[in-house]
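Naming follows writing order (A, B, C and D), and every chain is counted from residue 1.
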Amino acid sequence: MIEPGPREECGVFGIYAPGHNVSKTTFFALYALQHRGQEGAGIVTCDGARAAQHKNVGLVSQVFNEENLKPLQGHLAVGHTRYSTTGSNHVRNLQPVCIETMSGPLAVAHNGNLVNTTALRNALMERGVGLSSSTDSEVLTQILAAPPDVWSSNLPAEEDRWVTSIRALMSVAEGAYSLAVLTRNAIYAVRDPRGIRPLSLAEFETGWAVASETCAFSTIGAKPIREMKPGEIVRIDKNGLTSFEGVPPKRKALCVFEYVYLARPDSVIEEKSVHGVRFEMGRRLADEAPAEADIVIGVPDSATVAAQGFADRTGIPFADGLVKNRYIGRTFIEPDDHVRKMGVGLKYNPLPHVLKDKRVVMVDDSIVRGNTAGPLVALLRSAGAKEVHVRVASPPVRHPCFLGVDMASQEKLIAYRLKVDRIRSHIGADSLAYLSEDGMLDIVKSGDEDRRGHCSACFSGVYPLTVPDDLFGEKTKQKLEAVWATPSKVTI
Amino acid sequence: MIEPGPREECGVFGIYAPGHNVSKTTFFALYALQHRGQEGAGIVTCDGARAAQHKNVGLVSQVFNEENLKPLQGHLAVGHTRYSTTGSNHVRNLQPVCIETMSGPLAVAHNGNLVNTTALRNALMERGVGLSSSTDSEVLTQILAAPPDVWSSNLPAEEDRWVTSIRALMSVAEGAYSLAVLTRNAIYAVRDPRGIRPLSLAEFETGWAVASETCAFSTIGAKPIREMKPGEIVRIDKNGLTSFEGVPPKRKALCVFEYVYLARPDSVIEEKSVHGVRFEMGRRLADEAPAEADIVIGVPDSATVAAQGFADRTGIPFADGLVKNRYIGRTFIEPDDHVRKMGVGLKYNPLPHVLKDKRVVMVDDSIVRGNTAGPLVALLRSAGAKEVHVRVASPPVRHPCFLGVDMASQEKLIAYRLKVDRIRSHIGADSLAYLSEDGMLDIVKSGDEDRRGHCSACFSGVYPLTVPDDLFGEKTKQKLEAVWATPSKVTI
Amino acid sequence: MIEPGPREECGVFGIYAPGHNVSKTTFFALYALQHRGQEGAGIVTCDGARAAQHKNVGLVSQVFNEENLKPLQGHLAVGHTRYSTTGSNHVRNLQPVCIETMSGPLAVAHNGNLVNTTALRNALMERGVGLSSSTDSEVLTQILAAPPDVWSSNLPAEEDRWVTSIRALMSVAEGAYSLAVLTRNAIYAVRDPRGIRPLSLAEFETGWAVASETCAFSTIGAKPIREMKPGEIVRIDKNGLTSFEGVPPKRKALCVFEYVYLARPDSVIEEKSVHGVRFEMGRRLADEAPAEADIVIGVPDSATVAAQGFADRTGIPFADGLVKNRYIGRTFIEPDDHVRKMGVGLKYNPLPHVLKDKRVVMVDDSIVRGNTAGPLVALLRSAGAKEVHVRVASPPVRHPCFLGVDMASQEKLIAYRLKVDRIRSHIGADSLAYLSEDGMLDIVKSGDEDRRGHCSACFSGVYPLTVPDDLFGEKTKQKLEAVWATPSKVTI
Amino acid sequence: MIEPGPREECGVFGIYAPGHNVSKTTFFALYALQHRGQEGAGIVTCDGARAAQHKNVGLVSQVFNEENLKPLQGHLAVGHTRYSTTGSNHVRNLQPVCIETMSGPLAVAHNGNLVNTTALRNALMERGVGLSSSTDSEVLTQILAAPPDVWSSNLPAEEDRWVTSIRALMSVAEGAYSLAVLTRNAIYAVRDPRGIRPLSLAEFETGWAVASETCAFSTIGAKPIREMKPGEIVRIDKNGLTSFEGVPPKRKALCVFEYVYLARPDSVIEEKSVHGVRFEMGRRLADEAPAEADIVIGVPDSATVAAQGFADRTGIPFADGLVKNRYIGRTFIEPDDHVRKMGVGLKYNPLPHVLKDKRVVMVDDSIVRGNTAGPLVALLRSAGAKEVHVRVASPPVRHPCFLGVDMASQEKLIAYRLKVDRIRSHIGADSLAYLSEDGMLDIVKSGDEDRRGHCSACFSGVYPLTVPDDLFGEKTKQKLEAVWATPSKVTI
């Protein structure tokens, strides 16, 4: 899939490791989580007494250097990579949010999105807490800072003040949240009761870590232990890992888009290799929507695996048909008219010697706005492709996400506006087919229950929790003109 | 006086002016208040609904440009220039502090220093308010954000929520505070009940302004109205200026060091020209400690006026004897041994044709650490001065300040460690004399009361309020070895 | 291959296109040539009278923005991307070199390396030309600036002064040079008589362009015409393309490493797709050194194609076994000991579900220093690979390059120090084999002559021209201890 | 005088001092010469073999830090501070110009301006030397790089190649040039035959130095020896100072504006204190144009001394009437209409308590464009001044400078366009008088010859050398409409 597509809002990491250089290890872990947020990064450490922090906009490799890592001393750390929309890209919105409380330093790194942020903001402000940013992460943090009984009166007394505070938070926060929380003496890993965003635990010789994805563990040489359970709190301190039930788990609703596009292929989610899942999606797509063709190509880099699966299943040879400029670096140069006509040429060039006179299957992982598939098809044809059959290794994206992925507003989703055949003619393909929702969910199912343990609301419109009307309205202005009869707002 | 000497912590400004470009006007006002803080600056504006802000480290002229001023829309603004010690010079400590509250945006620009910050921080944190900086200004702001009855139960009901909140704040905050507070629809000027830091009001064709010093008004073309009264709150909004009693005024204790060194000479404080006061101090110094000499010179730029007064009174001709490099720009280059021997040569060069074979009176405004007076005397002698008589237009500085001026810790104050004659031999002067405290206070007296309406604690050790022990201990480690019998901690 | 490996020194581009925004087009072309140099970039334009330039260190996308492109007006432009070693990475070494001459502006973008730079520098300095950088490109430019008869007395008179100057330059410069030269009214493309570096011509509706690689043409929508002939000068101006013989061509010696690693796979060199050549190299490698294995993987991204060719030929399935962090951004953070043990883990993670219990063929494009192949083999084993057979799609690199590729000094080349079997055990592979030089050259041959029209000196030690002793000595300190009998310095 | 007024183009410095940290000493010397150029700075050092350099735009304190000074090793150095007009403020125009020649490194720091730059550029370019900047300093440097006989065939043979080269340069360069030249083993100080720009020599324990002004010596603890003679070359090396006649001296023509405004008051020129000269100018002005008044004030900072002289002579008390914002830092914020009305208020505030009901003499050092004197007069009146008598301590500026001072083009000079009485009414003064040219020259005369040894062309239009027509035309478009009959272009 070609940018701008869905963008994950954040990667989180936490580590407890006496005798370890925790700031450097966190740096390298964030480097491995860079794909979950490229617009800012931060690290907070604690030495058992005081916290130290550094945050800035930019790539992880730009934000940190030896000089600014040096003051980040201690044996605990949390880190964060952030994606944000233009305009709110202020330093003050970066994470981890770090404050001083009666019980010492508190820092929170958050992946996900709350749906009742407005209500929680108001509750905080009514208590007299002024808020300095527009993020739901500051809201989470200030809720933790308050005496727990402010938020929930009937919580069991707990020796550990922070466990009680986190339980209080979980009792009022609605939505997706995978957290790494730093306090004076412990890191807490927290996952919402639906387990919407991934979060995993690992160990290494001198300590333990928590991260959004297991690829961070491979990078720092830690050994994965297990995933956080929905609703679970895990304290990581000198006693190792201690598990607490934060709130009772609800029906599991892990974001299926993590498999489709967001996660790194070398991560393991729900004990399944993301790479392997994508390969299977390509195979299943071949079963559901085969094509008569000479070669199968993928849109690099994210759809290459699915294309290989498609090729594996059909026996049609896999080939490289498109080359991607491997040097990133955003440019804000506006193309002039001549260059604009080139369309996606800035990012992709076709390989005519591969494509010439061939019937081509082009596999993409997903289509969101649909404004790059067309130029890609044209590019393939200009390089000599006789036929271009587009196959998408996920269902049509028709509904916005409120749980941590920036999918664009609903009217910009091409599959919300157009039926599949219209999309096909819009992008100029000889044929177009998507993987079915059933097909996709069968591959990743983690239970027999409905939705098979996942949130696939962006495909189905069936959300795992009630989305408040105001939030819904913001992203779905043309609700009534929807071409899809499926009720787009359903709670399961 | 030569840096590093006492440094004022901050200049504040506020404006209400529909139809005016308030961010530009605030920029120019801060430019005029640059001498009150050169390490950071910030502006917050409000259009009646939303606040916009920009803050950064650096000089006012470096922090702002046309591009970042443009989004600062509205008809209300507050601004701030900040001095801070190295290490805590983070963006997050810059002012104005700006937060969102139930009653809309709230931004506070603060000049002064609280003495009960620790207690107030604890009170806030006990309520569950996490604090993101180490500044007392954030403390002030979060106190304002709370429902007023949290802080003080017996406040009169007031239509205007913010007046009540400010009263609550004033009932608990101890110390020096001159504030410019921005809310959705009004600016509030606030001054502590002792009037320790200056704060003045002005008007212009389309609105009103508040500033730390009147020099800001001249720069933006506003006409001074009057000073804020101790303990007063003034609301500035569409109804003009409305005065409220915040707390009953206490014995006036305006910082006398504002006259001695801190304020700009073109400012007017207590209806007295600062320039005129300094001239008088020079004259009085001549009465108290005349000298047989051929010329009178001042240490530029801050002591030139007092030197002129000294010359005026004695009839000894005033002359330029020292030239100061007029291009500032801090350098962090460490001088090598050769250059270090030059001492103050980097900043000052003597004028031999003026000094040669002359008996010279060198007037300085104050001596704090005393490590530059010696090199200056040597410089004058190297240029041919036959005798050097040092006259200081203020009393010996022997006590630290807890109310907003960074005076260095007590043991670094040369007049705390050494008697006057020892200082004289230390700096190599032929004679040394200071202006008496009585002499100084007579010139600036604003009442017949003790201390004549001013705080001169840095000279006398008599503080206008009780300084908590912990705070006192930090800055006065060698209390017992003090050579001065004067009790250094007395409340009046 | 993993960095730091061979690094191409520079990509060049030139355009003549009235009515076109030549600076923007050059920007996008440089963006496509970013792989040929990531440490600096520059553009010079000319409007027929004056030149304008902008150069800086950084990626193309960092160096340019709308604001600094705007002043680059005109209908001619040349551009350059630069690779440089640390330390000499000064702005003054960036290209294009731009000077003013009697015949107007002159700007030169150079790819390649001269071997007689020292002699030419001396000749220039003896004439009294002071040189402001250490680059051979400034030398080239100042030679062009001189009256042509300074350098060569028997050149035919030519109407076009620049053609004569370029011929004079070509008569004295020894080595590799592909140039894009901007003058007041024309662009000149120039290629050394051996054609060591690639250089191609293209046209589009309003003009013509020259570029190091054809991938730049696809990106800007230009249509490739043909390659520059060795020794050729092509003037590009209002009359279109005019070809001149600069010097008589010598035996063709195009750098074979362009095919192996340097060029983008979507470029076409000598009418052969680079991608196709790499695929063939993988196939040939399979013929020469087959392996008993379950899967074939490539070291991403550069060796993936050869691995696919290997798989295609052997019938062993191709698979992804390694995932590369797709976000670049250099980091200067030194790994601590713990992280260092992870070795290549920062860049690569293995896919255990693919590798587990498998006999793996890992194809790399080349091995230069040999310090990353070992960690990669270990990484594969740690992920469960039963056997790891390393296959390299080019011969052992044993000799330094003097013609524009930074190969490291000879003693750092692992295949210079160790025989193949020792390398195998050094990297811990079950087997190791390289593609033969004959095999490689057969695939790319462009004639029946010796070396088949290419320079493969880094593999063979047989250089296409005499390398001066001083230059040779610099990069080959341990000449006498060489384990390879092949005379390492032979002229053909 | 208020900016933008005349601006000096550059300060130069050179040092030879084995065992000394020459780069740091040069840094501090440039810091003292900051007033001669605030837009860029550079240092080049040499250790007897190689040169090292660092240059950038900005103030001296911004350009250098410990890190970039460290590589500047050696025992010789030259440094430069640069003023430049907007647009040509490129790094490539900064000085010292540093190149490599047959005789090793060569670096030139230049103060002054050549009048035959175009001819010299052409001569260089005809020889085939391409020029990379638009500065006359690069021209000087490349002329030095050539074999000396290129420029002058009849120079005496000299052991020291550089002396011959500098003589060759002096035989062709016309105009003002004070140079500090660094070569491998020696520094050369060079001054044009008219001595138009100042240049002085000094010694200290371990070596010798050359600087534009003696204030640099005081700052670094060096002892002034003497000024360079017009036409002199002084070599500074291990043998100390060796003097050579470069070209025969011509009639002395030191720029009188150095005394009036450009030089620092603590510098000594022609054995006269600049401060003392300015004081005398004030006294003489009082003789020539006394005024009935109550106080004398100066426009700070540059005219304060002349005002003191005026007061001293008339007996009218000197007073501070205007306060200048002492924090510089250019701002590029455009004032809005309201602020613009404030005029000079951003820089100056009046002191009403000094000015009220007073008849004021305001002394300025010079009036160039005349657009700030008016607002200042208005400012004084608004502060209560009853009468304002403007006295200018130099003659009317009516002619442009071609020798190193940026005076604005002729039609912008108010005294070129208007007679004195019209200027008076334009600025709203009660009276206006200038110091006479004779009066000025009498004070600074260094001989009995015409012009008394100085260039005062900006006042008289009588230039010390022939200004080429093209150069003249550029700055004097309205030649024929000149109200002044004095022929404005005369050679003496």
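Basically, contacts are C-beta pairs under 8 Å (C-beta built on N, C-alpha and C of every residue); 3 or more make two chains touch, one makes a residue touch a chain.
Just so it is clear, the model here is predicted, and its values are computed rather than measured.
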| item | value |
| --- | --- |
| Both-way neighbours, i.e. chains that touch subunit D and touch subunit B | none |
| Geometric centre distance via CA averages, subunit D-subunit A, whole Å | 62 |
| Between subunit A and subunit C, centroid-to-centroid distance (C-alpha), Å | 38 |
| Distance between the centres, which are taken as Cα means, of subunit D and subunit C, whole angstrom | 50 |
| Overlap residues in subunit B, where contacts from two or more other chains coincide | none |
| Category of the chain touch graph - line, ring, star, complete, other | ring |
| Pairs of chains in contact (touch as defined earlier), listed by label | A-B, A-C, B-D, C-D |
| Residues of subunit D defined as touching subunit C within the complex | 91-92, 97-102, 106, 121-122, 125-132, 141-142, 144-147, 150 |
| List of subunit A residues in touch with subunit C within their complex | 20-21, 24-25, 27-28, 31-32, 34-35, 38, 59-62, 64-66, 69, 204, 215, 218-221, 264-266, 273, 275-276, 301, 304-305, 308, 312, 317-320, 323, 325-336, 338-339, 341-342, 345-346, 349-354 |
